[in-house]
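In structure tokens below, several structures.
Across the two complexes that follow, chain A remains constant while its partner is chain B and subsequently chain C.
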Partner chain A sequence: MRALEYPMRGVQRLIGQGRMPYVFVLPNLLIFGTFVVVPLFINFYYSVTGGTALFPEDRPFVGADQYGYLLDCENHLSPFTCREDRFWRGVYNTIFFVAFQVVAMVGLSLLTAVILNRRIVARGFFRSVFFYPVLLSPVVVALIWKWILQRDGVLNAVIAAFGGDRVLFLAEPQWAMFWIIFVSTWAHMGFYTLILLAGLQSIPADLYEAAEMDGTSRWRTFRRITMPLLWPTMLVVLVLSLIKSVQTFDEVFVLTGGGPGTATQLIVHYIYETAFATQVHNFGLAAAASILLGTVLFILTLIQMRLGSRGERR
Partner chain B sequence: MNRTLAFLTRRRDGRGWHPTDILSYVYLMLGVLMMFGPVVWLLMSSFKTQAGLVEFPPSFLPYSQEQVMVEGYKDPLPLFEVTLPDGSKKPMAQVRRIGIVSQMVDPKQPDQTIRVKFEDRTPIRSLAFAWENYVTPLKQFNFMSYLWNSIVVTTVATFITLVVNSMAAFGLSKYEFRGRTSILIFIIGTLMIPITVIMVPVYLVATQLGMVNSLWGVILPGAATPTGVFLLRQYMLTIPDELIDAARMDNASEWQIYWRLIVPLSLPAIAVLAIFSIMWRWNDFLWPLIILTRNEVYTLQVGLNAFQGELQVQWHFVLAMTVVTLLPITLVFAFLQKFITTGIASTGMK
Partner chain C sequence: MDTYGVKGLFASAAVAVLAWTAPAGAAVELRMMWYSDGNEGEVVRDLLNRFEQQNPDIKIIVDNVAYKAILESLPVQLAAGQGPDIARVTDLGGLSRYYLDLTPYLKDPEYWRASFGPYLQWYRQSGDTKGIYGIQNQLTMTGPFINKTLFDQAGVAIPGAKATWDDWATATVAVAKKLKIPFPIAMDRSGHRFAGGAISMGAKFLNDKGAPAVIDDGFKAMASRIKKWHDDGTMGKELWGGVSGSAYRGANEEFANAQVVMYMSGSWQISQFAKQIGDAFDWVAVPQPCGPAACTGMPGGAGTVALKQTKHPKEVAKVMEYLASEPVITEFSARTLILPAHMGVVKKGVDFKTDLRLAKDALSVFTGHVPNLSPVASALQGYPYNRVIFNAVISRLGQAVVGELTLDDAYARITQDIEAQMAEQQRNKK
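Let's turn to the complex of A and B:
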């Protein structure tokens, strides 16, 4: 990089010092523009065209047909009655998954952070223990649990030791849903624990000392001091985990493949399959579905910013 | 007695134990079991032989049955401890088993076989690590090239990310120029756009650029990450402008200012971004899965997924390769653990 000094001085002489910032921003903007900004616009174009061709010039314009197809239901609350029932199954699976996963994960993260914030011996070690799974790749996470949950796996051995019957955990719809929630919580809670812990540690210690002096009970201290002061961090964690949770794909794809049947097929999985994994690549439909997903994520982000700024004003 | 107990349970801050302290430690111990247990189980299982893996109930350590070569038999025979009719015990090799009766032979007297009931024999087992679980897939299947591809992607992508993002962050933090605000708004505005929303058109762009089935197709799309620009810019804003003015007085070019002044001063933030980038790239799955369709360009994650799909029955290989995949990131974590956790806690990104 130092070898660039001489040619860069030449460039600077040529375009003048005032235009140098463009040189610095250019490489980033080139990559960013090519792979984010331009695709954003093409995506809209895809969603209003039909056919199976990849190149936009070969795709006939169909207007809002893709959206109409996705949203065409006799009864929106029951996926059976929809023309594209896999999409709606994905939507409902995702809503169910997100609702339980976010609550379980944020709850456990908060509990863990509160415990780690106490005077604990080897706090650094325990913090690392809870964080470690965050580093593992989704494929690895899924394979670890697949191995534990299989028919002759260690969990079934424990159940058998207590006299129970072996369960095919990933082959029964309710169990499969439970396990994808469990595994994604296991894999990500350390991240949110860490953020909440940082939030807890920024609460001034003298507040707690004063409360102790007044003989306030621990539960009351938690409710009256910890929770209000932690609330801004809590909000960030809630919305961040919500956005991540809606986008879940990797772990579930490897762990259950969306199955049994479509019992654990989430919305991103639907988009992936529609565009890339089926015989007929339906790019238009996938683009329309991803724009609907993007809209939901955008609204979630707006809510976060709204809540965030209100938190600051307080 | 009471005083001894008080002394033993005394803690650093001089206060005694509260019931919630005990609950806390119980919770944390459970946490260690829940979080590390599965990984340790994977590690232990990866050393088991194929026969050891299908055993139920499974054992924690990788045991395998001992075998002996007996004169007159082509293959090694499994060794059992046999309780003879007179009550004595003796190690014997099993020749064959028919129903509940086994034909056993004493390795020292290979010409004499006896019949033993099924329940009168117990296998002799010893601790044995099946290293071939690791060696075979690395040699026979493409795992060496997956590993190599992952290493290439991770290092090249991280290098590009660091250079390109630090340049942009420098431009956006230390200069006033036309279009700066709009660029900033755009970059920060796209922070929330996930790959899933634009993966179809990114695939088109990659196709047009001839990047399908090339590692560049994995490396480039995520290289200019908004998160990186944002993080580095926040850090560079805290570097005093006087330093830059002084460097200009000394006739330094703008590039020299960037490379010799700003980059060294931003090293803490650049290091955090480097760690994130390594994590993202090593673990990346969905995008490589889309863009790489030919076996020889697979990264480790995609290869591992394809491998487990095809070879469900060969769990011994799958488990060993899973360990290979998680090892590098675990080592990075073990050495930089404190740095990583504080870095993430303070920036709040993953």
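Let's turn to the complex of A and C:
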């Protein structure tokens, strides 16, 4: 460490102590700038250009055409009245998916964390069990569940063994949506459970002891002590799970491929399809869709942060 | 250290530096991107080993990739000026702007024109009638396979040579009902597979000027059958309704597991079926189902192309000449069980390396489809943006199959999708 001391002293003498923090965050800022901020600007540039050329200088400027194409609808609540109906199907599918998946994810993670925080038999084993799916690659997760859910899969074999009719879990729209929510929740809830568990363990035990001595009910203890003190951690879990949920791609791509029809085609899948899977690679339209998605995510995060800071002030 | 020791040290260092920095005489390294349906990767590697022995100054690294990488990653690499020196592709016309014209480097361009005649046009851009860009070393034909064992077990007669699509649907449903088979008919989720049936029904796909004009009565006749067959269970929803957008999905595994009575796919499956199914049941290639206009499938295939960003065009041409030579094409076809496109090889015939009678019979049936090919099918295959049409068809018919769109809405969306993509293509800076 002393090897760094002398050059850093030199830098400090040169720029002054007040500016030293900037020196320390500079490496991270450079990486963030190179791999996040610069691509963001390039992406925006792509969204105002057209054609199929890959290099920005070869792409003609088309202004807001791509945005106009995406937003051109007779009725925005009915995707099929939109010019680019698949974009809007992706938007509505994503809203539905995120709403149910985030609620399921946070709710189940909280429930699991509360149970795992208690002195139950084989607590260490259960903590590992819930975390284990997080270690699996999303593609592996999807392939395992595909094997379970397909026409001749394990689940249908069980149903058939009890005399039931086979169900096309991945070829019926409602079932397909249910299963992508279920599988992605199953795959990721261990991570959020771990964060919430850490949050629960940081709550001082004497508060619970005091509540117990006062004869407070468990439910009241949970509402009045656990939840308020867990709220900052909950906020982190909520923001992370929301962003992760909107970005969901790999599990759904492997499990249902966005089908049946477009029933599980999420917005990220639409962006991928538009940019890379068609013969005419429409990078401009895909970039515009991703800018719109990023804007919505940014606004949602701001709202959550605002609500979170209000909660903390109370 | 004495004087000799110092000199020796310098001499050793100089040799080491020279060996490291001066590649004079070192082999030129070429990269080839390759995908396989069956054993083509192994066979081409074996053939290239022989080439490398004869040409120690050229080394070829074969990157075996998934077919999806050829369709999606390769075009992006090429657009970025990167990518391999040689590649095996199926989007023959769509990638034509990235091909290297081999003509100036070839010892005998006339051999290529005589051997691959009509297929050379599939690799050219509009207006180009002379360039030589690749080897059509695999000719494919779309067409149906049936599980004959199931027909025998069900006691249902196999429809004859001029049987229509409706005749086949009736027969396969009868077999499936009797034996409780889940898929009477399965068709790859591919616009290319659909096109053969639609052309048989009278679809034209392109107008007199060679531009897309997809929706007509012939197209509607086939599309409405696809929809009806999904509604009544003749076709299972897992393929056409199972995924979204332009995703391909085949039913080869289901067919190999005897879950499908009739499988509409193509000649490239033969090698795989020979290996996977063997003689576990009688899998048989049958005549193309007919419509009022024709009894045709779609031609296609894979080509090995030279790519123009290569730094070693002469060496690339040398490899291509070797791969295009008659003995190599003959051996490649014989060992991979794929149909050759080389005129000389076709004329002499190929002794396919298999003891399996079923595979030999299937190859013979598919070879017999070639002369009956509709000119509409050939024209559509030669259209550089045919994947724009194929993708729009599967994407929108897939939605109709699961009930998201009516057929009329699907037709309107197919037209709109094609127009939008062609308009985007035309936006490119001149």
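Just so it is clear, the second predicted complex is superposed on the first by the 266 of 314 C-alpha atoms of A that agree within 3 Å, B and C clash if a C-alpha of one lies under 4 Å from a C-alpha of the other, contacts with A are read in each partner's own complex, and residues count from 1 in each chain.
The criterion applied here is as follows: a residue touches a chain if its C-beta (ideal position, glycine included) is under 8 Å from a C-beta of that chain, and two chains touch if they have at least 3 such contacts.
Predicted model, so just to flag it, every value in this text is computed and none were measured.
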Residue contacts with chain A in the superposition, chain B compared against chain C:
B
After superposition on the shared chain, which partner residues are touched by A:Gly294: those of chain B (first), chain C (second), both, or neither?
first
Please work out whether A:Asp85 is in contact with chain B alone, chain C alone, both, or neither, and reply first, second, both or neither.
second
By the touch definition at the top of the document, which applies to A:Ser202: first (chain B), second (chain C), both, or neither?
neither
Is A:Phe191 in contact with chain B, with chain C, with both, or with neither (first, second, both, neither)?
first
Once the shared chain is lined up, is A:Pro60 touching chain B (first), chain C (second), both, or neither of them?
second
In the superposed arrangement, which partner chain does A:Ser217 touch: chain B (first), chain C (second), both, or neither?
neither
For A:Phe131, decide between first (touching chain B), second (touching chain C), both and neither.
first
Quick one: is A:Val268 in contact with chain B, with chain C, with both, or with neither? Answer first, second, both or neither.
first
Check the residue A:Gln279 against both partner chains and state whether it touches chain B (first), chain C (second), both, or neither.
second
Chain A contact set shared between chain B and chain C covers 54-55, 152, 276
Touching chain B in the complex: which residues of chain A?
1-2, 4-5, 8-9, 12, 17-25, 27-29, 31-32, 34-40, 42-43, 46, 54-56, 111-112, 115-116, 118-120, 124, 126-140, 143-148, 152-154, 156-157, 160-161, 186, 190-191, 194-195, 197-198, 218, 236, 240, 243, 247, 249-250, 254, 268, 271-272, 275-276, 283, 286-287, 290-291, 293-294, 297-298, 301
For the complex, give me every residue of chain B touching chain A.
11-13, 20-21, 24-25, 27-28, 31-32, 34-36, 38-39, 41-42, 45, 54-58, 163-165, 167-168, 170-172, 174-175, 177, 180, 183, 186-187, 190, 192-194, 196-205, 207, 209, 220-224, 226, 229, 253-256, 258-259, 279, 282-286, 290, 301, 304-305, 308, 315, 318-319, 322, 325-326, 329-330, 332-333, 337-338, 340-341, 344-346, 348, 350
Can you name the residues of chain C that touch chain A in the complex?
71-72, 75-76, 79-80, 91, 94, 182, 236-238, 241-247, 249, 259, 385, 387-388, 391, 398-399, 401-405, 409, 413, 416, 420-422, 424-425, 427-429
Where on chain A does chain C make contact in their complex?
50-55, 58-60, 62, 69, 80, 83, 85-86, 150-152, 168, 170-173, 256-265, 269, 273, 276-282, 284-285
